[in-house]
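Across the two complexes that follow, subunit A remains constant while its partner is subunit B and subsequently subunit C.
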Partner chain A sequence: MSLYQQLFVAPLFFSFLSACICAWFSFRPSKKKYTQAVSTFFLFASLLATIGSLIHLSPEPLVYEYGGWPSPWGIVFFGDVFSLSFIFLLSVLAIISWVFAFVHVSLLKQSMFFFLLFALYGMILTQDLFNFYVFLEICSIAIYGLLFDRKHPASAWFTFRYLSINTVAASFYLMGLAFVYSSCGSLNMADLSTLIDTHNLTDKIGIFLISLGFCIKIALWPLHDWLTGAYGSSESHTTAFIAGIVTKVFCIFLIRFFFSVLGGAEYASSTANLILIFSCLSVIIAPYLASKQSDARVLLAYSSISQIAYIGIAVGEGSMLAFHAACFQIFHHAIGKTALFFLASVIHKKTGTYEISNWRYWPSTSKWMTGVIVLCLLSFLGIPPLPGFFVKYWLFQSALQSSHFFVIVSITLGSISTLLYVFFIIEQFFEKQDLNDFASTSETKFRISQKICIASLSILMLFLIGAYPYFESWMKIEGFRP
Partner chain B sequence: MIDWQHFVCLFSCPLIACILVLIFSKKPNLRDAIPGMASLALLYFLQVMKGQLIQGEVIHWKLIYASNFIVHFNVDPMGLLFAQLAAFLWLCSSIYSVGYLRGGGYKHQTRFASFFSLCIFSTLGVALSSNLITFFIFYELLTLSTYPLVMHLQSQEAKKASRQYLLYTLGAGQLLLIAIIWLQQLGIGPYFGAPGRIYDLVASQPVQLTIIFMLFLIGFGVKAAIFPLHSWLPSAMVAPTPVSALLHAVAVVKSGVFGIGRVMGFIFGSYALQTLHLDILVGGLAAFTILFASVRALSETQMKKILAYSTISQLSYIVLGFAIGTQLSIFGSLFHIVAHAFMKITLFFCAGSIQIQSGQTDVTKMSGYARQMPITFGFFSISALSMIGTPLLVGFISKWSFISGSLSSPKHIIFALVYIVSSLLNIGYFFPIIYRSCFDQIPVGDQIKEGSWKLVLPIFVTGLSVITFGLFPDLIFSFYTLSLRASMGFLS
Partner chain C sequence: MNILQVGIIFLFISLAYRKGGLAPIENHETYIYTNPLPHALMLTAIVVSVATTGIALSLVTVIHKHFGSLDEDQILERYTSDTLQKNKDMEIE
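Now for the complex of A and B:
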């Protein structure tokens, strides 16, 4: 096995190493400078490793057998176009969030960040469903550590609720695994895709429980309450990374499970239809709830729920077009939502609150950052030719092909209710400004690193527009039977 | 020039203007001169293009070509007609808006000018797109770039109007998208003028085609202000007058009408429409809108509201012309896009001038103003007369074609009556204004005078165009030839 073929698991190793180093040195804060340098090096090394393995990716997917144990018995990491593309996205967003926020937090939180990163890399790469469960739990605990904020007593309750509900979700997943394992005798994804029988009742229950767990994890309405609470009570520069990528990784699993393991939604029609229906409801209801919020963080959390529900619709649709829509939506929403949470934290530093009415100071603070906000929001709304439009375009095509007219109706209604919160925010830019009041609090200047982070996110967003024509031929998944 | 260079030159004019306006926001004089210069450049490039088109060259530019998503521009007579119109009136209104905004002491002039240029950019895209998807992109962009202009005053009323505007137009945009994708699924389009399988589908899928057409009608009908989707237009009059003049009388609403024309003429064709009896449906709706809006205009006293309702009824003239479907009536519709633009922009310019000079917006209180503002009211009267359809003025040409077009189609003879009744109603709401301003006594203490040259010159130019194009409809821009050619290009 050549080095290039093993390169794709390097991020996993690097992030674990950084996490351990940060945790070790958290007792010696004076050494923070050195650990920061090492961590930064590892982050960039992960990105380079990902790019390297993407460049050398042949049609045959890369396989790494942990400890040399072959596939059905040992744990196997799997690098195909699908997973490596998202590893790339994750690495880029990790670097940006590191530069923007996590460089400045305490060493213990930094170690939590790297543990989270480790878990996310693992969840994308692993081929073993039980190994996935281990990463899932590491992820929950790391997020708990990141969101918990000693200074805000409210966050204790909300983060605890986050942890407990996520544990419930993970338990559903574990129960589902038990059912699947009892009938198939394997937990390897490639193995399962041939063994699983979607007409068998035991397997059906297993699939249902796994899906239920993930519907809680991706916060479909009406199982969303924990998410808005947790995001709404913590600092938004740390939330940015979590909102941007963590829920997407769960979506990536759902996509892999439904498209690759089950081989398309029609093989699991009852569960897929349930996901489809609840996603349709989320798409309509969540944006409406968002438009009623006054706290920017909660508003953005509701917006996340509605945007992720588009991925749910795609999973429920289960066609090739829907698969592309889901993948594109993950890219577009991860980038856009991270940017918006960063911007929310910037204006919070300046004005001291997260009130959405404070966003009226944006035009006088920074013109181009206002532009970035508008860009992201309009993309969520699905204005052509921004990335969000293509997602809708694919979904409409897929729904018309399968004659799912209620999907068309709900996406249309969803767009109209998205209009409510998008222009609720944009209207703030036209509000009258009390500049005297603002001048006293605007002492803090932007750091240049913050500017670079936000600018690079918006460039990535624009880059997605150009990537659209190549996306259909680029993005593939193993095992999908259209 | 190579084809793509043509298009890059065209699109860069308003786009560069928009960027330069933002850069020179601190130097008001330079900033305000930029849109005018850009529009002159744009007019020049369009003239070059027109020369090539008339010689029979095909000019097109494929920008993006992905499996189902095609961004492709193309010059045809109908598009060029609209593009030239927008470019020429941009020149007039860019001068006018400087006079208006400075005279009225408006804030945020940089934002105004930059978004105004962006609107022209999107209008250009709408005019030159060769397929429905490209059309849709620019159609939505047009909606969004008008939003800050409707919101310009930042008052509570402006907020309400802009919300209504967005809800109507973006909501309709969704239906449009569904219709476009649905058509693709049936194997039609997205190119304009590719008859494709429509003839087979009329027989095999009449219900689906009817639903798709209805979606298109709602999607474009919002901007074309067809009853009952018209109510955003009178509310959007809260925007500064140059916005109402160029956008709500020319660019935005005309792009809706333009879209209806494209879909009826270049996607469905008159055979499909008549077999499915959609021509009667559209014609009936348009006829009702014409009469309804004219009657509503009678009961209004606010100048801009009257003009808004007049716009609604005039837009439906065009839609009705498309629905009748004879070559004469289609020619009338296309020419009326131009004719109505000149008349209505003059009327709006006059209304804005009066408002800036006297602060008066109520038509019942404009007694005797004509004697103090002779140029403004002179051109106001000429445009009103043209609106009614007086011979030798530009409105006469299209009205003549409308009426003779509907008389030549036995199924649609009744619609000729609508045009005539509407003309009478036009007299009903325009003549009292003219009469009162000319012959009533001036209230004591009202001292007003003509505005600055920046306000008067555009009125003069557009007002004179109403007369000139009535006498020589083919002058410079070849509006007559282009409409004639475009009407021949409609699928029959």
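Now for the complex of A and C:
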């Protein structure tokens, strides 16, 4: 096995190493500069390693056998186009959030950030369902550490709610695993895709429980309450990373489970239909709830719920077009939502509150940043040249092919209710501004590194428009039978 | 939460059982073993559940210190009154 074939697991190793270094040096805060340098180096090294393995990727997927045990017995890490693209996205967004905010937080929180990153890399790469569960729990524990803020004891309450509901969700997943394991006798995804029988009752229960666990994790409409509370009580730059990436990784698992393990079109079972119905409801209801909010973080949280529900629709549809829509939506929403949460955190530093009415200061602060906000919002709405449009276009086509007309109706209604909160935010830019009042409160500067971060996010967003024609031939997943 | 987790652990371990099976230690006379894998998996699951319970309990102590209660209604009441107070303070400023 050559070095290039093992390179794709390097990010996992690097992030774990920097997590350990940060945790160790949290007892010696005087050494913070050195740990920062080392962590930054490791972050860039993992990005380079990902790019390197993407360049050398042949049609055969890369396989890393953990401890030298071959596939059905041991744990296997799996690098195909699908997982490596998302590893690339994760590395880029990790660097951007690191430069934007996490360089400045305490060493203990930095170590939590790297443990979270480690778990996310693991969740994308692993082929073993139980190994996935372990990474899931590492990820959850790191999130609890990041969300809890000692200065705001109220966040303890919302973190506790997050913890209890997420543990129940993970337990559902584990229970589903027990059912699947009892009938198939394997936990390897590639193995399961040949063994699983979607007509068998035990397997059906297992699939249902796993999907139910993940419907809670990605916060579809009736099960969303914990998410808005947790996002609304913690700092915005933390939420940017969690909303931008963590929920997407759960979506990546759902896509892998439904498209790769269950094999695509054949699974049209009751569970997929259930996800479809819940997602359609969230697409319509969540944007409407978003337009009622006055706290910017809660508004963005509701908008996340509605945007993630589009991925849910794609998973429920289960066609090739829907698969592309889901992957493109993950890219587009991860970038857009991270940018919006970052901008919310900048305006919070300037004015001291997260009130959405404070966004009226944007046009006078920076014309560019106002442009970025409008760009992201219009993309969520689905205005033609922007990436959000292609997602809806693919979903429309897929729904027409499978004649799911209620999907078309709910996407249309969803777009209309997205208009509500998009115009609610844009309306703020035309509000009357009291600049003297604003100048007295703004003591912190808008750092140049933060500007670069947001600019690079918007460049990525524009890059997606150009990537659209190549996306269909590029994105593939193993084991998908359309 | 804990009961749910323990329930799942027992579910897994019951899956491993085979009639007349022995502990999976190398033994040349018997051929029926219980399946060792679920036991190994559940060892990990137990560690995970202990860790989550630990974090949950530490959060509960913080909540109790701040709100003086563990009742959901009372906590929410105090939370909303706190935020209202904060908003009033800001208006005065």
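Criterion: the second predicted complex is superposed on the first by the 479 of 482 C-alpha atoms of A that agree within 3 Å, B and C clash if a C-alpha of one lies under 4 Å from a C-alpha of the other, contacts with A are read in each partner's own complex, and residues count from 1 in each chain.
In the analysis below, contacts are C-beta pairs under 8 Å (C-beta built on N, C-alpha and C of every residue); 3 or more make two chains touch, one makes a residue touch a chain.
Keep in mind it's a predicted model, so treat the numbers as computed, not measured.
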*asked:* Touch test for A:29: subunit B only (first), subunit C only (second), both, or neither?
replied: neither
*Now for A:371: first (subunit B), second (subunit C), both, or neither, which partner does it touch?*
neither
*So, A:222: does it touch subunit B (first), subunit C (second), both, or neither?*
neither
*Should A:401 be classified as contacting the first partner (subunit B), the second (subunit C), both, or neither?*
first
*Of the two partner chains, subunit B (first) and subunit C (second), which one does A:175 touch, if any: first, second, both, or neither?*
second
*asked:* Taking the touch rule as given, give the residues of subunit A at its contact with subunit B in the complex, in rising order.
replied: 378, 381, 383-385, 390, 392-393, 396-397, 400-401, 408, 412, 415-416, 419, 423, 426-427, 430-432, 468-470, 472
*Contact footprint of subunit A on subunit B as seen in their complex*: 64-69, 71, 133, 136-137, 140-141, 144, 147-148, 151, 154, 159, 163, 166-167, 170-171, 174-175, 177-178, 181-182, 184-185
_Per the contact definition, I'd like the list of subunit C residues that touch subunit A in the complex._
1, 4-5, 8, 11-12, 15, 38, 41, 44-45, 48, 51-52, 55-56, 59-60, 62-63, 65-67, 75, 79, 82, 90
*Enumerate the contact residues on subunit A facing subunit C in the complex.*
130, 133-134, 137, 140-141, 144, 148, 153-154, 156-157, 159-160, 163-164, 167-168, 171, 174-175, 178, 181-182, 352-353
